[in-house]
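Naming follows writing order (A, B, C and D), and every chain is counted from residue 1.
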Amino acid sequence: MSGNSYGKLFSISTFGESHGPALGCVIDGCPPGIELSEADLQEDLDRRKPGTSRHTTQRREDDIVQILSGVFEGKTTGTSIGLLIQNTDQRSKDYSNIADTFRPAHADYVYTHKYGFRDYRGGGRSSARETAMRVAAGGIAKKFLASKGVTIRGYLSQLGPLKIDDSKFDWDQVNQNPFFSPDADIVPEMERYMDALRKEGDSIGAKITVVAEGVPVGLGEPIFDRLDAELAHALMSINAVKGIEIGDGFAVVEQKGTQHRDEMTPEGFCSNHAGGILGGISTGQAITASIALKPTSSLRLPGRSINAKGEAIEVITQGRHDPCVGIRATPIAEAMMAIVLMDHYLRHRAQNADVVCDTPVLKG
Amino acid sequence: MSGNSYGKLFSISTFGESHGPALGCVIDGCPPGIELSEADLQEDLDRRKPGTSRHTTQRREDDIVQILSGVFEGKTTGTSIGLLIQNTDQRSKDYSNIADTFRPAHADYVYTHKYGFRDYRGGGRSSARETAMRVAAGGIAKKFLASKGVTIRGYLSQLGPLKIDDSKFDWDQVNQNPFFSPDADIVPEMERYMDALRKEGDSIGAKITVVAEGVPVGLGEPIFDRLDAELAHALMSINAVKGIEIGDGFAVVEQKGTQHRDEMTPEGFCSNHAGGILGGISTGQAITASIALKPTSSLRLPGRSINAKGEAIEVITQGRHDPCVGIRATPIAEAMMAIVLMDHYLRHRAQNADVVCDTPVLKG
Amino acid sequence: MSGNSYGKLFSISTFGESHGPALGCVIDGCPPGIELSEADLQEDLDRRKPGTSRHTTQRREDDIVQILSGVFEGKTTGTSIGLLIQNTDQRSKDYSNIADTFRPAHADYVYTHKYGFRDYRGGGRSSARETAMRVAAGGIAKKFLASKGVTIRGYLSQLGPLKIDDSKFDWDQVNQNPFFSPDADIVPEMERYMDALRKEGDSIGAKITVVAEGVPVGLGEPIFDRLDAELAHALMSINAVKGIEIGDGFAVVEQKGTQHRDEMTPEGFCSNHAGGILGGISTGQAITASIALKPTSSLRLPGRSINAKGEAIEVITQGRHDPCVGIRATPIAEAMMAIVLMDHYLRHRAQNADVVCDTPVLKG
Amino acid sequence: MSGNSYGKLFSISTFGESHGPALGCVIDGCPPGIELSEADLQEDLDRRKPGTSRHTTQRREDDIVQILSGVFEGKTTGTSIGLLIQNTDQRSKDYSNIADTFRPAHADYVYTHKYGFRDYRGGGRSSARETAMRVAAGGIAKKFLASKGVTIRGYLSQLGPLKIDDSKFDWDQVNQNPFFSPDADIVPEMERYMDALRKEGDSIGAKITVVAEGVPVGLGEPIFDRLDAELAHALMSINAVKGIEIGDGFAVVEQKGTQHRDEMTPEGFCSNHAGGILGGISTGQAITASIALKPTSSLRLPGRSINAKGEAIEVITQGRHDPCVGIRATPIAEAMMAIVLMDHYLRHRAQNADVVCDTPVLKG
């Protein structure tokens, strides 16, 4: 596979560019008998789609997904599932002017060198537009995992300098504001920050956290396909991500063993510094992962760059962009975590379906 | 593949437990005609091996690697390469007492649930002992990459609270001290810190940074096998790693686009916040990745845990352990980065060998 | 991957059922810069499509393929290519009567047991309808291989008892008759045979041979991904195939070494009993493979079977079927051979692009 | 993976040359808790090993296998299993004379072109010597399958012109003679035939048949990883194989649908022309596959060839060779069938473990 597929047993293979006619996906390995309809996938697509608030790109895409195969009489058949989303609002002319220029910190320069030329319309394949298909595919994984008692949720943990206040954490707030913030009180501040940023013409980074609850103990395939390693792969493959943390993440550098180790008692684990993964295998506790997303480089403010001939130019990016790409990343991160967990659920039972273990399972 | 293989074109498949008779590896996809001898691999094995200073485990392993196939008349043949390292200092009796107990923050509990029982001798397969084979395999990748002008080096960037001083950074110092510190002045402080820690019976985390120079522009396979995603996978698969950063990593959360974007001029890139990767593809600049390693949980200090029956017990870990597992991780991280880059070098030329690009390559 | 993808570097992932809305495919790993249009793929689709003569099913499908991604300004971009074919002539009601019955020698019984239920409309995923996508994807591989001097052609070598006469072999005849017969003189006999068979309500087997010319020496990845092993995999994956031969095939059982070995002289190979593959690697001679296709089991003549309850029933298959599925298999077999050769062309150069060999290449 | 690995969930990765120090294998994905010892693997190794009768090569190899990991206290642990077989009887000097010559119908010519040079000692990696590791790995698969009620057996169905008489078929005879013939009466004739052949200095082809009984209905992953397609891949990857048949194989070309279709009654299947596989999925009947093996080209009788400079030479192969490589292929074919079935057993339950099907399973 050359990079457009992910997963070993539950696998997705996607296609589609920012300004092509459509995005598509082949999903292979989905167990049969799961009730599935387009509506199941549309919910997360609507959470991700652009233009839902003034703080995201004003591009208008309904992102309506069609299921073209693999579902019969309302249930998955066990054969491959084909998904399609038509692109409706493309406005290629916005981009014709950048055909021969390389936007700083975008993929323009590397795509040109790797492939010899590039689809310059809105970044082509390198655009985060493709993540719509990840969200649609992730919806199938979420449906399967829900039938196994696993739930996956994410939230914005930091927007630039603005950190959420854990004492005000409320899952019910996450989908009540345009930022996926679980802290309702900080939302007005975020609104003001983003409005100022937009006027300024600049962009900002963000931090997203995703949490999986109800994951059984045992998922993950050492030594290379540890669950944390696969999560790192899947989350780092999302556009603009520059860092990954599992559990305490980089805080462990200054922790002592007595402080970090999660002690166990017959009543359960005493803490969860590990983020629900030990030795690359799920412990049964909540799995927590955080990602750092860089600020977009599509800015109205001029930047130095070169053109295809290697000559110095000044770049100003017009068009419609997210001043904080992190905002819409929450459902994408949830989708990738769901795909990894479903894949590993299947991989685990393939090898270990016959295992009998008398040791009691501890509470998280 | 069920987790013990890594890489698509240059792939390694390993076996071996902490206290089994031997560790081994099959390396597939190595190009023919590369001069290779055991000596080429031994150098990094010696950098990783235990017992070289009082700051690492006192277990004695010579870690002598044998090449059993794939090399003829001093050159690789293009067929699979078999490597073997005999375990010599096993002392299984040290571990018999923990057969039915689960050490907190170790893989004991999850291995027992996943597989139904476990090889309790020194952690069995979950022990970092297996990383010797990663280092041996990585030596082959380093040899190949060197022939393409790519060099990979790593260092300890932080030991618990002790950060190296970038103004004193000197690559030549890295292999001159037991910590792989590029800052010679901080070494005495590290010595004192580790001595105190050992007396105390506790352990500490660390941060390691690896850098690849001379990487051509174009390596990485979007959208899922982006070069940064594969590096995250490979580095997170190393024992005790809890966090990954590419370039500026988590610092991007608070950066603005104007600050983060690496501008380009005909003379080259103006900065490298991206860590040498854009859109998941190498830019030709230095690739930089950092990892956070947790403190080991093998402590003399008692901890609460349970046994196989689920009963409350107190665990005290005797035996020989690294008070800071991060110290020996530097050559391991280099090896994993080398394996990823070699795999992607081959993947890139498979698809793009015929590409012609007139755009000049920028300086890093 | 769970069975709906094929190929390691040039890979195809397909979806679609006989009576679903559409068939689709994601093609990954296609090199950039190849001129490609829908017309390039339509030619072989038209050779395969039903209803072109009275000797094939009368189902009407135009099989118009759309390219949805991966091609920009007439050339492949190196990103994944999405293909779509709408199903137009479905007539699901033809099949409602067989919802609970298992047709003998069809996949009905095994799909029901494997997946718990099945899409009974025209065989769902098990229908040869999916091969349209193989032909479309194979068209891309043929285009790439042509640019490397490789041509792939196939023909019908036997229709039931009727063997073609090698002394009358003429490649130019193959596409001039509805049977893909290279022997024009036997065509009227085949017409008569098929007309009689249709009246009778029975079906018949066939043998197809595919030949690749201009293949460079060196393709194939021992020891498991030998070129012949991959061809066997790809060709056996075509519906109704029960046998594979490379070169002399089963005739080798009675051959002596002196007779079978293909001697070499400075002028070239003296024979090609091996079918262009030695040790699993292409020799540079013509690669020849033959496949045996069983007679379809969709017959008007009653057969004994069971229903979903396990009760005895009599099955009579109405609807529109190919009395000899082998007839339309020629372009499908060509497509699968093309996909295998393109994949191995890329795999070979990934590992061996730097190889220098002074030994002259022999003529075929 | 570059060709030295086979299997997706139960996978083997092998190394080793004919005249290297050792052969080895990493087996990944073996479920935990299976009782396993070297003795379990030695039985089939002894059936395959050379020098057991005057009709096979006189090379002396004890083929003693060591298990180096993945087994603890007599049971598999679920981690990767390392196997090693030391080469003991190498006699490299036998081969030094062929360093620069290409034996007709051997891999010498293609290896040299593919890799630039080759290990000429006894064919290096291209020698059937590597099949010892397939047999060892297959022994593990046989042990697992036996615990699921699946048994795999093979036999010689034809030696050159000598076909076994089905009316005299007796499984108990197979391991009672040096040819694996189930027909005791034909053995003396085979003895005479082989003695004459040896005097003559020539070699002969053979046909081997393998049968799996007790396979549950449902194994196989359409559309590309059909069970028959994977069997074809695995069996064609065995040295010297030029043809594959499933069930009736090439006989289907002349069969009519009414004759070929295996009718079903509540009492079971009425026949098994399909060889136990429909639509690429096991039916629950016996799975039967036959392979054609070419005569070896290592002959005392002179043959025309070229040397590395491309000059005409005459080749006479001294040394120790099998005049009929097919004879020792029976345990190898059994091993490959076992590996495929075990892999698919795991793949099937990964996706379909939750399937409930009320339709009764038919007798074979």
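The working rule: a residue touches a chain if its C-beta (ideal position, glycine included) is under 8 Å from a C-beta of that chain, and two chains touch if they have at least 3 such contacts.
For reference, the UniProt names are A, B, C, D = Chorismate synthase.
What you see is a predicted model; the values in this text were computed from it and never measured.
**Q** Please flag the chain sitting at the greatest distance from subunit B (Chorismate synthase), going by CA centroids.
**A** Result for the farthest chain: C.
**Q** Taking all residue numbers at the subunit B (Chorismate synthase)/subunit C (Chorismate synthase) interface, are over half used by both copies (same) or under half (different)?
**A** same
**Q** Between 0 and 180 degrees, and as a multiple of 5, what angle does the rotation take that fits subunit C (Chorismate synthase) onto subunit D (Chorismate synthase) by Cα atoms?
**A** When the C-alpha atoms are superposed, subunit C (Chorismate synthase) turns by 180 degrees onto subunit D (Chorismate synthase).
**Q** Centroid of subunit C (Chorismate synthase) to centroid of subunit D (Chorismate synthase), CA atoms only: how many Å?
**A** 26
**Q** Subunit A (Chorismate synthase) to subunit D (Chorismate synthase): how many Å between their CA centres?
**A** About 45 Å, centre to centre.
**Q** What whole-Å value do you get for the distance between subunit A (Chorismate synthase) and subunit C (Chorismate synthase) if each is reduced to the mean of its CA atoms?
**A** 38
**Q** Mind pulling the subunit B (Chorismate synthase) residues that touch 2 or more other chains?
**A** 1-5, 8-9, 14, 29, 32-33, 78-79, 114-116, 125, 222, 347, 351-352, 355
**Q** In the complex formed with subunit A (Chorismate synthase), which residues of subunit B (Chorismate synthase) make contact?
**A** Residues 1-6, 8, 14, 102, 104-107, 109-116, 125-126, 130, 158, 160-161, 197, 202-207, 217-218, 220-226, 228-237, 239, 241-266, 270, 273-275, 278-283, 292-299, 301, 303-306, 308-312, 347-348, 351-352, 355-362.
**Q** For subunit C (Chorismate synthase), which residues count as touching subunit B (Chorismate synthase) in their complex?
**A** Counting only subunit C (Chorismate synthase), the residues touching subunit B (Chorismate synthase) are 8-9, 29-33, 78-79, 222, 346-347, 349-355.
**Q** For a test of understanding, state which residues of subunit C (Chorismate synthase) touch subunit A (Chorismate synthase) in their complex under the given definition.
**A** Interface residues on the subunit C (Chorismate synthase) side: 1-5, 8-11, 13-17, 20-26, 28-29, 32-33, 66, 68-70, 72-73, 75, 77-82, 84, 114-119, 124-125.
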